[in-house]
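What follows is a set of structures for review.
The following pair of complexes shares a single chain, subunit A, combined with subunit B in the former and subunit C in the latter.
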Partner chain A sequence: MSGNNLSFYLSFGVVLIYAAFALFAPIIAPFDPFMISGAPLASPDATHLLGTNDLAQDIFSRLIWGTRATLFLGIVGALISVTLGTVIGIVSGYYGGMVDEIIMRFLDVVMTIPFFPLLLVLTIFFRPGIYTSAVLMGILGSIQGVRIIRSQVLSLAVADFVVATKALGARGSYIMARHILPGILPLVGVKFVFSAQHFMLIGIGLGFLGMGDPGVVDWGQMINRASQNGGVILGLWWWLFPPGLAVTFLSLALAWFGYACEDRINPRIQMMRV
Partner chain B sequence: MEKVLLDVRGLKVGFPTMDGQVKASDTVDLRIASRETLALLGETGSGKTVLGMAILRLLQPNTIIEGEIRFLDRDLLTIPEKDMRKMRGKEIAIVLQNSGTSLNPVYTVGTQIAEAISLHQGLKKPAALSRAVELLDAVRIPDPDRMAREYPHQFSGGMRERVLIALALACNPSFLIADEPTKGLDSVTRQQILDLFREINQDRAVLFITHDIDAAAALATRVAVMYAGEFAEIGPAAAVLGHPAHPYTRGLLASLPERGMRAIPGSAPSLITLPEGCRFSPRCTSVSERCTLEHPGLVRVGPGHYARCMLYD
Partner chain C sequence: MKLTYILRRLLYSAAAFGTSVIITFFLLHLMPGDYITQYLEQIYAIAPPEVVQMYNQAYGLDRPLTEQFFTYFSGVFHGDWGYSLSYSRPVLEVISEKLFWTLVILLPATFLSIIVGIVIGAYSGWKRGSKVDLALLNGMIFLRAIPSYWLALMILLIFSYYLGIFPLGGYVSLSALDTGIDPIDVLNHAALPIFTLFLFSVTGIYYLMRNSILMTVGEDYIVTARAKGLDELTILRKHAMKNAMLPMVTSVALQCAGMITGSIFVETIFSWPGLGMLTFEALKIRDLPLLQGILLMDTLIVIIANIAADLIYPLIDPRVEVGEDVRK
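Right after this comes the complex of A and B.
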């Protein structure tokens, strides 16, 4: 139990630190991330903690600002996907019958198309941008959530207290909002954390492949630039490694946090670990 | 005779399954007058609960329902869902079986009763809550003010049953269906619940579904005995329980502990493949050849007293 609590608070703490960096980026970062701040390809020193890139932009400032875009993609993407997944999952599971059949068969069709290639194509189609990416990931990523939520709702929809509420004359929308949603909220929370981690990584992937938002700094684009414009060949590790390590730690912390949350809502997992 | 409140005609309820249709209710005719208490007796699986759920149209959408359920001159089976919703809780309420799971564990008891009130009456939350406390008091929950703020798991079985009754009475319905409200209660609590029902049934009609024969005798004006989806016998409580006409009713009474606890031989038939002729014939002690060939209808055996048996035909 105490181990679980420790990992819960520790991972949450790490996520909070990242969030603080994102929030206070303008205060923490010494330079504007797009500004020419000195000589290009400078090594780390007191003014440029992580040196500069080929465009003479301060890498440390870019790293701090990059936290914003990366977290934004993860959180907004997860918010959209979890909201969509919850609403569609509840409606599908509660009403069942034809409604459920149509939604499920449609999702089956969409699921046969691989997620990432579809995302790439759609991103190009709608023009790369941070909002486009977040919305697209949110919509495409909601499918799995729909199925998970629906399967939970199926059992809740026939629970005695749901039947009892119906017998009191409540309408479907009321029952779904008041009596079914609270029952799946913990699951939705866990799903949110894992989705955020997943979409954050995908956002990095998009940036690395050159489909990031050209108007913002993100770690994926930083890694891309480092590998394309000489950082790797010249062995400038302070250019390539910081964004890579930053994303690794954040991803680990989120996953860890997700597992700790899952432990809390599902006593059976705790039993298995004992 | 008071005016007829509920008039069920030729009700058939079937559930499609892989092995065939389960005929949970097969041609049930039933009339209940306002302020009358009718006890519906029968074994588990005889179709009692299904009948109650069918009246409120709470069965799964794939259920096959035929016949008519007239309530105050409206056929509940044909009115739009919106109108049906207005009936539920307000005109017809049900106390479901399994008091343990019929309350939502995440809301306080007071909140849930207030919810039932505000679903039909445009009461603001504080007003609905104070009405909820009154209802808890009316069903004899001690210290209702405090108990209204407690969660369902903090209530005992008998208390939860009372809460369910309070919920059902929230909008003062003219017809109450109670599905085995004394199930699983100790004898003192059971007696208290029965006393409560004796009060409740003063100003409304009650369909009291039970297999507690003594409870039926104590409360009901009329008794209907259900077997394999149909009524085996129906009539005034004193007649049906005092001078049972149907061999099944007799068997049921003889199986009571204080009357020798003799079990009826055999077991209830599957509702998918019902026996030919009389459905009770394979277990009946007075069976004749005709019983296995013809399906008997309800025959008058006394004033308002009918039995589905060849003995009287």
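Right after this comes the complex of A and C.
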């Protein structure tokens, strides 16, 4: 149990450090991330901690600023998808019948279209942008959440206390908000953490494929630039490695945090996993 | 029961395919601004109005929207998926050519990850709580959290750039120009993409198999088998695994969409000339007709994988007839 606590606080601490970098980016970063700050392709030294890229932009500053876009994509994407998934899941599971049938059959159809290619196509349609990406990921990603939430709500909706509240004449919206929602909130929380990790990786993947917001620094575009414009061929590790390692560590921290949260809300899962 | 289920399944599949046809149609036709002008300006820096008009005429973009829709809709079902701007060839022709190369790496990677994932997942679940289990589980959690594009880049750097064991990209060496395509040479080029895709998908299968085994461990028939005095390996192989395999079939089909995503990154990084790299190229030059076709093909792959899973299920579990909802 103490090991679980340790990984809970440790992983949460790492996420907080990333958040601090994102928040205080203007103070920490020595240069403007788009500014020409010296010679291009410079090696790391005291002024440029991680050297400069082919456009003579300071890589360290870009790395720090990139934290913002990464966290933004993950958190906003997760917020939208979890909110949508929860609301639709609760309504579908609580009312059942025709409403449920229509929603689920609709999702059956949409789920068959692969998520990522569809996201790429829609991103092109609405033009690449950080808000567009976050909203699109949130909407498309909510589908899976609806099913998970709904299956939980199905059992809650027939629980005695819900039936009793109904008998007292409470409105459906009241029961859903005050009695059903609290019951699934821990699950929603865990889903949020895993979604944030997932969307963060996808958001950076978009940047890597050239579908990122051209006006925003993000790690995906940094990796893309480094790998396409000579970072690999010239062996400039300080150009390619920092954004990749940054996203990998953040992703690991969020994953561990998610598992630790899951163990806390459901000791049975922990038993199953260990 | 059987027939209605199959009909319902086909109906969903058709609806899903129809939906992607509609989405892709609107993608090209409701795009803000004039698409042809943008495309030409991007490639040639200029877009003379008379050239734009000729393009619009050639692609039928000057016709009424409803007429275009019905032409496209019926065309899709007749094998006419449009005409690629950058390849100047029919979309379906380009896609089928690239699909072959995607399958060359996708199929071996999928089979490998299914076999390895099932074996180590079963072992891990059977020996739950042991050192090996914990090491495997944590290793898999670690592997799963690494973004696929970063994994692919690192594998390329280590094995091709630093160690020089495998080629840096492509699917054949330059010598193929003189000697023709040599299967061994292709295999040499395919090794790293296959390995990366394998790592990418094995974690999911491992997880499912481990969970599935954990579910069966407490069952009565396992206790009975043990009471009969069977050795552990036989119980695992003949009793636990046989039952734990069942939920896997559906899950593997669901993983199909994930593999398509993985192949976009892996092929782009290893310059493997398949559907994934084609997606990247089509995105880069905004070749929308091609992109439309790719989305349709991806949807078709997922649909086929799902139908295949439905048909395979009764073969490995005689209790289930085609059409029973196994996920309940």
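Going forward, the second predicted complex is superposed on the first by the 269 of 274 C-alpha atoms of A that agree within 3 Å, B and C clash if a C-alpha of one lies under 4 Å from a C-alpha of the other, contacts with A are read in each partner's own complex, and residues count from 1 in each chain.
The rule is short, and it goes like this: a contact is a pair of C-beta atoms (placed from the backbone, for glycine too) under 8 Å apart; a residue touches a chain by one contact, two chains touch by 3 or more.
Everything numeric in this text was worked out from a predicted model, so none of it was measured.
Superposition of the two complexes onto subunit A shows subunit B and subunit C fitting side by side, with no clash. Angle at subunit A (Cα centre) between the Cα centres of subunit B and subunit C in the superposed arrangement: 100°, in steps of 10. By the touch criterion stated above, A:Gly97 is placed in contact with subunit B alone, subunit C being left untouched. With both structures placed on the common chain, the touch criterion links A:Ala170 to subunit B but leaves subunit C unconnected.
A simple residue count on subunit A separates subunit B from subunit C, and the partner touching more is C. Contacts of A:Phe125 after superposition on the shared chain: subunit C is touched, whereas subunit B is not.
Of the two partner chains placed around the shared chain by superposition, subunit C is the only one that A:Val247 touches, whereas subunit B remains out of contact. Residue contacts after overlaying the shared chain place A:Pro117 against subunit C, while subunit B stays out of touching range. By the touch criterion stated above, A:Phe161 is placed in contact with subunit B alone, subunit C being left untouched. The gap separating subunit B from subunit C in the superposed three-chain model is 14 Å, by closest C-alpha atoms.
Of all the residues in subunit B, the ones that touch subunit A in their complex are 56, 58, 61-62, 85-90, 93-94, 96, 98, 101-106, 115-116, 119-120, 164, 167, 170-171. The part of subunit A that touches subunit C in the complex is made up of residues 105, 108-110, 112-118, 120-122, 124-125, 127, 197, 201, 204-205, 208-211, 223, 227, 232, 235, 240, 244, 247-248, 251-252, 254-256, 259, 272-274. Subunit C contributes residues 12-13, 15-16, 19-20, 23-24, 26-27, 30-32, 128-129, 134, 137, 141-142, 144-150, 153-154, 156-157, 161, 211, 214, 256-257, 260-261, 264-265, 268-269, 279-280, 283-284, 286, 288, 291-292, 294-295, 298-299, 301-303, 306 to its touches with subunit A in the complex.
Subunit A meets subunit B in the complex at residues 96-97, 159-161, 163-171, 174, 178-179, 182-183.
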